[in-house]
């Protein structure tokens, strides 16, 4: 009998492991259906309907996929615009939690084999896969969002889009500092890696630029497991903890986990704010979340994707590192909701100082 | 019971389970109201794999199988090592760090790294074993906790001592002389079947021999079948718990080594997490039998690798194969129990026949 | 009939129906479990159904209780024919059954166990409690509703099982070998309960193969052999011998030992052996005894007085708190079980399912159990499959284990055959000492005789035996000397040639020893 019980526990555990992945990858729909981005929703999917004669774009999402209300969606927005402007067609694929490196490579190869001329890997996790695949497809242009060439051999058909997320984070840090009443703000990172740490560093610097006495609480959902970007429940737990400790503004850099952060802000009640990331999350949030979304730190993945496709369409694809920062409008902050009206000029003042080099924003905490 | 019948019984439950899983998956696809039909799904999944996918399936099978054996060593003695995940994460990181440091040349470096991976996996599992034998802490709880600790520990160590570049952290890359890529069955671009995948073969044979041919294996199985009978027969259960945890952890340590030496060459974003849990599912599916788990591992690797094409050819999310996998595991547990009961009833009948046969002669 | 009817009938009497089974037949592929079975249970009687294990009693009971459907024949209750599809149907006409293995939830209270699954009858509140208490007091069960089942002893659990059946409104109660788990005093108490039930108008169908008990309690006796009813007997006139001959078709075996083979070589010697539990209570106190080669020392005692602890301590499964154990000349106090087994200690455990067998493993693997380090089972660190299989065939033949083959799983065998396999195994490898706990418990008469003769033969060859049994006839018949254990102490030595079961019973319960 005891054995049976234990056995059942093990079965349950292993099923949890399996099904957890399933729910994570559709985490976006957790925050309500406002995003309209579920992958089975064909009508809203430009890649299902486009049939132009322009470039064919392969779009490989990271864990979380389209509907994450964050950078996967942002990449999609850029592609959608490109489809319209250049009469392009597109293909989509999505990473599964805990998938093999070979699965990522296979996804890119399937796209290239299917005739894609531009393939975009959304997320730094595609860096190695692109590095392995690109040499086999010299006629295909590859782009990696937040990407990085892992070896010394330069690839002449790969572009790496890097974003000065520390700069946009700095600006929302200023917004947080000027909004907080409790003199305490929070940060929730998806995964404790260098990329997200640069968000944290910029944010903290922005807050302290306004008032060095403001306390910044830091929390990460996962230490190294990428599932931290697709875990709304984990995001909610982390943010709720910070609200409970007295923070009244929480900035998240956690991809699809962010919908949980917004929920936590809603539950914390009026006067508590969340700050979105990557895309203007006010626009995709649910009606009850919207009054709590102060602003979003924009990382214009859409701009980068669009630019990249444009360069492919023009016949001279971008290659190497392409940096997007405040100066070229690659990063920024959103004003939807109108919550920043009174402090917008302050924020823009800081932005000018960053552009001019008067303020150097750190990239590591 | 003759051999043919026995094989038939052994196959009955998994076949039933796989059929139920296929049925359940089809129903889910139908119910989801997707534009694609269940037929589309199966025609993609059951299509002949492309060459590179074939290679991927074989490579994944080897790692999943190692993970399944690691779990099965515990399961066979009624010990539920849920911590394979943490054990191989920590072991992979440590071995990759050691191998990357290139303290030893070429093949010796490979060998030493494998030993270190096994040792680290064993130590991490051993903690749960010691907690269980000395303090009575359930290994289910402690190994789950050790999983979390391992993930955090590796994240921290990697952050502290790894090489930072771009947005990523990784261990120092493996020197070319220690790389063990493998055999290329098709073209180069289709990839290589990792040489160290042979570890899975060796471990599988070793596990079979250990279980069926050695005293230790007998003690292990006996403890799993009836701990009370094991004690009465003179088996020191605490010692068995510790030894099998160590063995289980040592095998767990090897899980990711084929990929590391075969293509990753560094521990970073290319590390494949989640294999530990897959292994538990496959061990259940394969009834903890060395041969059964081969089929389980192939099935899981096959489904996962084939699912990648789903988004390109149908309107079905690749996550659906996880339903197939999950239902197969659940169904197999139930099917095995039913088959087991049926089999016992058959045997009891044949025993009854043996007992009454002389009587019938007398009566006649 | 007259004796039963003469019992006083109280106000809240029930009127059990007459149950008549006629021409019942049931076959499984290749085996006929029941054929031409006719039994009639008269109202308000205790009806005993006796027969060897495998005679078809259990199948018949399952048919009557609706667990299995008969292939042929009829079940009539008060003249109306019924066809039971499940136990629910049987309960509906007032037939309930108490299985040999109790089906109680340890972590629930007695009341909760009684109510569980029968919530519709009296709810789960005060009404249920009142009903529970009324049944308990009416039949003198003395069960408190709020006691946790895990704290109950075997006898109380059995009463709770009977109460459960009564709670569901049973008038005819089937008891499957109820005395197998009880000591003599508990058996008496059970019989008092059964008489109470009878006087209140209930019928009891009592399954057993213990003839003394049957003669003591039954109003009617039906004997089964090889799947059919072979006769009926009147307990007032029938003798044990007649019943036994009906049952087995031959003379009853007797355990009596012929001539003494006791030598003066001490094989096992315990000196002031003491065992305390975690709470500091003594489980065993200062036990000192010697067993010589060729001697059988019987330990008599009411169950739970330290017999199990004594066996486990001698077997190295528990470490004594004080005192020494010698095997021959060697001090083995700190030896572990395996080392003791390697030096020739055989062990027949009290609970063969839990301690003696791997139920789901084939017989030849069970042959290895406990002999993992000794030939012919092993060669060095390797299992010697062919050696083990060959020796298993030998055991099956020499000990008459009825099985189709050595690849059959142990679970499929009957209790007697399982026990014969264990005895064959433990007698292998020339043991010098045999620890035998209840060697014939739950074993049919034929197997019992075989087991006794094996033990006697080994004793003749110089084996020292520590025999623990609840069957006083067995103890008296087999032992060369009997020690009585009470609350972890040895309280008296008896010569089996002169002692009576009554004397032993008195000593066991702390009377005038």
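Just so it is clear, A, B and C label the chains in written order, and each chain counts residues from 1 on its own.
Quick note on the criterion: contacts are C-beta pairs under 8 Å (C-beta built on N, C-alpha and C of every residue); 3 or more make two chains touch, one makes a residue touch a chain.
Note that the structure is a prediction, hence the values are computed from the model and not measured.
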{"item": "For chain B and chain C, chains touching each", "value": "none"}
{"item": "Taking each chain's C-alpha mean as its centre, the one farthest from chain A", "value": "C"}
{"item": "Closest chain to global C-alpha mean, per-chain Cα centroids", "value": "B"}
{"item": "Interchain centroid distance [CA atoms averaged], chain B/chain C, Å", "value": "44"}
{"item": "Centroid distance [mean C-alpha coordinates] between chain C and chain A, Å", "value": "70"}
{"item": "Mean-CA-position distance for chain B and chain A (Å)", "value": "33"}
{"item": "Of all residues in chain C, those that touch chain B in their complex", "value": "28-33, 54, 226-227, 315-317, 336-342, 347, 349, 351, 354-361, 365, 368-373, 378, 381-383, 385, 402-405, 407-409, 411-414, 417"}
{"item": "Of chain A, residues touching chain B in the complex", "value": "3, 6-7, 9-11, 13-15, 17-19, 21-22, 25-26, 39-40, 42, 48, 91-94, 96-103, 106-107, 109-111, 114, 124-125, 127-128, 132, 136, 146-151, 160, 162, 192-195, 222-227"}
{"item": "Contact set on chain B toward chain C in their complex", "value": "1, 212-219, 221-222, 225-226, 228-229, 231-236, 340, 344, 347-356, 359"}
{"item": "Chain B residues touching chain A - in the complex, by the definition given at the top", "value": "32, 34-35, 52-53, 55-56, 59-60, 75, 78, 80, 82, 140, 144, 151-152, 154-156, 158-159, 164-170, 173, 189, 191, 259, 263-264, 266, 268-270, 272-275, 277-278, 280-281, 284, 304-305, 307-309, 311-312, 315-319, 322-323, 325-326, 329-330, 333"}
